[in-house]
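Please find the structures below.
There are two complexes below, and they share subunit A, which is joined by subunit B in the first and by subunit C in the second.
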Partner chain A sequence: MTAALICEDLSVRYPGGNTPVRNVSFCVSAGECFALVGGSGAGKSSIARALLGLHGAGAKITGALSLNGQDMSRASADAWRRLRGRGVGFVAQNPWSSCDPLRPVGDHVAEAWRCHGLPVTWQAIAKALTALDIPNVGSRQRQYPHTWSGGMLQRASIAAASALTPPIVIADEPTSALDADRAQKVLDALRALGCAVLLISHDMDLVMRNADRIGVLYQGLLVETDTPEVLLKAPAHQETRRLLGALEPLPPRQAPANPTPLIRLRDVSVAYKRGQVQALKPVDLEVGEAEIVGIQGASGSGKSTLLRLVMGLEAPSRGSLWRSEALTPRGALLPIFQDPIGSLVPHWPVWRSVAEPLLAKNQSRRPVKERQERALEALNTVGLGSISPDARPSELSVGQCQRVAIARATITQPALIVADEPTSALDSVSIQQVSKLLRQAAEKGTAVLLVSHDKGFLNRMADRTISLGG
Partner chain B sequence: MGYGPQQVRSRADIRARGGLLTAAFSRLFQAVLTALAASVIVWSLLPLAPGDVATRVLLARGVNDPTAAEIAAAHDALGLNNPLPVQFFQWLGHVLQGDFGQSFTSQASVTQEILERLPATLMLLGLALVFSVVFSVILALLAAAYQDRWPDQLIRAYTQIGAAFPTFVFALLALTFVVVGFQMGQVLSDVTWRAALIPAFIIGLDRAASWTQLLRAGLLQAMNSGYAEVARTRGASERRILLRYALPNAILPFLTAIGVSVGALIGGAPLIEAIFTWPGLGAYLLEALSARNYPVIQAYVLIAALSYVTAAFLVDLAALLLDPRLREVGK
Partner chain C sequence: MSFSFDLTRPPSISQRMSRHLLGQLWRHKSGRVGLILGLFLFVFAMIGFVWTPHDPNVPHYISALKAPSFAHPFGTDATGRDMLSRSLDGAHRSLGAALLVLSAVFLIGLLIGTAAGVIGGVVDMLLMRVVDIAMTLPGLVLAFAVLGILGPGFVNLLIALIIADWAWYARLARSLALGARSKPHVTAAKLAGISQWRIVLGHIFPGVALQLGVVASLALGGMIGAISGFSFLGLGVQPPHAEWGALLADSRLYFALAPWLLIVPAGFIFLSVLSANLVGNALRDVAGQETIA
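Then we have the complex of A and B:
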């Protein structure tokens, strides 16, 4: 059996001397699912681009590269173009930005043929979409991408990527825009194609469940390659162990019994424009001291509106809202946001961001030195003792920024932390760290209100979860 | 779109069509409102003008020293004793019937005088608009296709210079070197398409500069977008990505810019017409401005405003047809 992909001693060098991929060798057999994992900057995407011949005119590729037995090491731009779609398929990270917003989904699939000047019938498109479990193809393929759900649109992208039955499909983080259930469905669809799959992901859980073999990338080097079972049992490299850390279950948690209530919403709803736009359907919510409460819902279900109600930034249109005295002082209710980097002042040293709530607590202004010490302490508790407290957010990774944000939200030991999708921008290792830190905050008596679209994440984290109907 | 039996309409499809109609009607309603607001402002030029309107009208009619009785009679005849809103609707009623009143200077019907000169201006500006759209689309496509290579650099130099100089610089240069120097065209123009060619070309070249910049930037952005990149991985050629993906996506902001410029085009016409001695509305307006001939000014401003509103409405419609996200029901 010929290998779908052989990659020998592959290096990618950019004009500035930046070498994101160094001497990487691996092969993917026909029908195999090979996963490349690694943190950000490990070189995953550079490899994917090189394997598609899309590394850009400036980049220099060395090493041997063969796809389906065809040597592509010195292939011309035109040879690459003819190969793409036919010899190698590609599924991108975000299904919506993969589709031309001005054309219906059916057109997006038809492009697979039309790009190569091949004739295409609507039956062929319908067949490709039906094969990926998309119902009512006849009418659905005339709809526009923005009206489709992410999971379904990603399956349509897979249909387009595999339309000309390439022997191998490269999928670059194909599920990071989806929650766990939908992610698995997309992966199943990918595997059901029967072709070889090169899966690029940071989601160790997904990779362990779906890949036949896993290659671990670290700073442009392939440091370890083996089956999931072997890697799980005997990880050789520290990076493998770091990535596998994301799979450890969270320590068991005892939900507080009969906690003192902090905030209570009864039948609260919000409507705009004289009731024409229902931003939040009637909801009951109670959060007590040291509780972790999850709020789950699709986009548009009113999650953010509910958070603004809790934070007192918005008044309910109907229903009653009661807040405990404990939430009255400034700094007793602190938020954590979805975009960690955007939530920190870019030109402030991180210690200043962390110490900011100390100033908002109606306390006399403490001397800089003391605030710096408190910030350092807080950074230590979130495991960032090793970074410079004078670093700016741009010097940190996204995961580190979110831990800085948690340090800021916990420094005053507030009564309630409100976290809006705190993990959706993070890789699985950082998700694990952030989850642990939020748990720790709850152990110390701070209630956590956790909003997420990901049911699985809330099930692991929260004492109880309420769902907002879409 | 080239596949599927056309007679099969899904519910979503019908709703999308309903959305299109609803959205189109709401845009039309907005356009009518804007036109109405513009007409209020245009009308108010007259009551806000210094001096008594009736006296001005009488002066225009050659009554040099009107008596108080004559002025009072003129007030009655012109309806100036009515409340302002009534005056406005009377004026609007006349305008809707194509009556802009009498010129203060010639005492002829303003409508008549405008209709004599309007075709020449429309011819020049229409041709100029076609030129500028054609130039900017072709140049922007070339620049995007040859990004950072010499065609792109040449086109960028042109757009910089074109955007930096006022139109009349080119007009003067063209007049001096092309028209007079090479004996092409006629300086004292007749209203023929051939005579309109060179002035329209100059206006078009000038307008196209900033539009080319805009469209080129849009094209390049679209060519680096996620969907263009995915199309590349499907084996699409760069030409296909440019024409099939980038152009439709980049054309929307471009169309908006054109719609906005139509008003400016008409407002700037007098200058160009003066340079090329084009017998359009331009000279007529300049004369009216210096004579404070308000009925003429009103008519011209209203024509410019209505052209702008119409152009903006057409651009809105084009956007609705192009972009499915704009015709969502309830958003």
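Then we have the complex of A and C:
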């Protein structure tokens, strides 16, 4: 069997001395799906760029690199341009941002031929799209990218990447913008191409199910390479064990029986512009003490509007909304947001953000020292005891910021926490940590209202789930 | 496993400096160059304020248009006045005036803009209409008009420049405040029951001030240029007092004969603009993704 890609002692060094990839060697055989996994900053994307000749003029690449038997170690920009599309395909992370919003989807697929000066027909495009299970190709390829769903658009990107049947396709986090079901469909489409696939991902679950072999990257080094079965049974490196931690199931949970209701919405709907725009269709919702309730819905189904209703930032147009006494005091309901960095004050040390709820009008006044101590305690409980409490949010990772936000939301033990897509910006390891922390909060008696587009996540987390829209 | 912190141990100086804005600017390569340059100009202006080697204003016709020498390192002008003394004497007017005008428009803009953005409603509407009126007239024309009413003079020039410029800062501060008001951390604070004052002072004001400060620092170069320009036209500093722009204006008849008359004040203006832009750019970098400038 020939190797589609051989990479020997590959190092990438950027101007300024940053070396994100150090002496990485691996090979991908024809037809094989090889996955590179690692946390953020492990060097995954730098490798992908180096393998496509897109590392930029300033970056210095050392080591041997061969694609389909062709030595590309010292290839010119021109040679790379000829190779891309024919010798190696590329599928980018976010399908929407990798498509020009002003051109129809069919155009993007056609470009695969056009940029090599090859003639292309609509039939060829339609054939490529149909092969990846896209329905009504005739009319759909004339639509614009924003009207397509992420999963379908990503499959169109795959059609474009594989149009000239390259022996290997490099996919850099191809599913991070998608939920689990759609992600699997995209991966199936990739595997169905029959060519070698270099899959770059932080999602261990997905990689375990789809890759033939897995390479674990840690701080620019390839620390372990093996089949999924072996890695799962006997992970050798601590980074592998850390990544595999995301696959551990959450501990079983006993939903509270007959909880005292905290908030009750009956037939509540919201409309704007004198009823012309229906932001939220009539919905019933009840959240009881210490319950975890999930709200699932696609974008535009009114998830955020419902949350604003619950938070009291908006009033319903119709229906009745009842709150229990426990929710009346200020600070009894605290939020967790989708954007963890934006939810912390950028110029404050994190302890100050965490301790902020202690400054509420109805809280007794505490000296700075006591607030600091309480903040440290809260940071400890979310597993951030090792970071400096004086750190600014910009010095932390996204996952750490979200844990700081959870520390803030739980410091006063509120009656209800409202979490709006709390995991959508996080990698799978951080998702696992955040899930555990929300569970812990519920066990201490705080109800959690969890909003997400990800059904699988809600199924794992929530005692019951309500679907919006549809 | 549990971790604990030694709260009694204060952070070291280097830790404090690393988070302090000035410390961050110092660690920024071009920011450091800008700060050193700015410090040099500041010291230069301070020296000129208290001492000059020769009297900057008294003519000395015998030594007119002397090339740079040991006695006169920057040469002399058409009436024999020492150019080093005049540059020293003019430094505090040029730099001080630019800083004064910018601080004033920064403060006025920050207060009015943040108030409009945070309070909203009728207050916002009224304040923004005033801003609209101020912005309909081009800045230079407005400054000329004010100077026409008040008459030429250095203090009047500063007043004119403040009147011409404040509205832009107010408008920018308002939009920054509006943006900050809808940030998740503000919503979180509101729900936690934090008072409106605390939210404005702790969450909104510092962010707006920092970003507005970046814009203002980048405008310092332009402001020195504007003041020099007005002095060049004779509307700013009045003779015999020195100011870099006025020195430049005086040089135009003689610069073929005595190029140092042009090079010296132009060089100082260039260095000030360079310093301000380097610090402004560094400030934008260290302020991170939060800035718009």
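By definition in this document, the second predicted complex is superposed on the first by the 468 of 470 C-alpha atoms of A that agree within 3 Å, B and C clash if a C-alpha of one lies under 4 Å from a C-alpha of the other, contacts with A are read in each partner's own complex, and residues count from 1 in each chain.
Please note the rule applied: a contact is a pair of C-beta atoms (placed from the backbone, for glycine too) under 8 Å apart; a residue touches a chain by one contact, two chains touch by 3 or more.
None of the values given here were measured: they were computed from a predicted structure.
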item	value
First (subunit B), second (subunit C), both or neither touched by A:369	second
Touched partner set for A:73, first subunit B, second subunit C, both or neither	neither
Which superposed partner A:120 touches (first subunit B, second subunit C, both, neither)	first
Subunit B versus subunit C as contact partner of A:160, first or second or both or neither	first
First (subunit B), second (subunit C), both or neither touched by A:86	first
Subunit B versus subunit C as contact partner of A:385, first or second or both or neither	second
Touching partner for A:227 - first (subunit B), second (subunit C), both, neither	neither
Subunit B versus subunit C as contact partner of A:149, first or second or both or neither	neither
Residue numbers on subunit B that touch subunit A, as the complex places them	1, 3-4, 8, 10-13, 225-227, 229-237, 240, 245, 248-249, 322-325
Subunit A - residues contacting subunit C, complex	311, 313, 329-331, 333-335, 337, 339, 342-349, 353, 356-357, 359-363, 369, 372-373, 376, 380, 385-386, 389-390, 392, 394, 405, 408-409, 412
Residue ranges of subunit A touching subunit B (in the complex, touch as defined)	52, 54, 81-86, 89-90, 92, 94, 97-104, 106-107, 110-112, 115-116, 120-122, 125, 136, 138-144, 146-147, 157, 160-161
For the subunit C and subunit A complex, residues of the former touching the latter	2-5, 7, 11, 15, 19, 183-185, 187-189, 191-195, 198, 202-203, 206-207, 210, 288-290
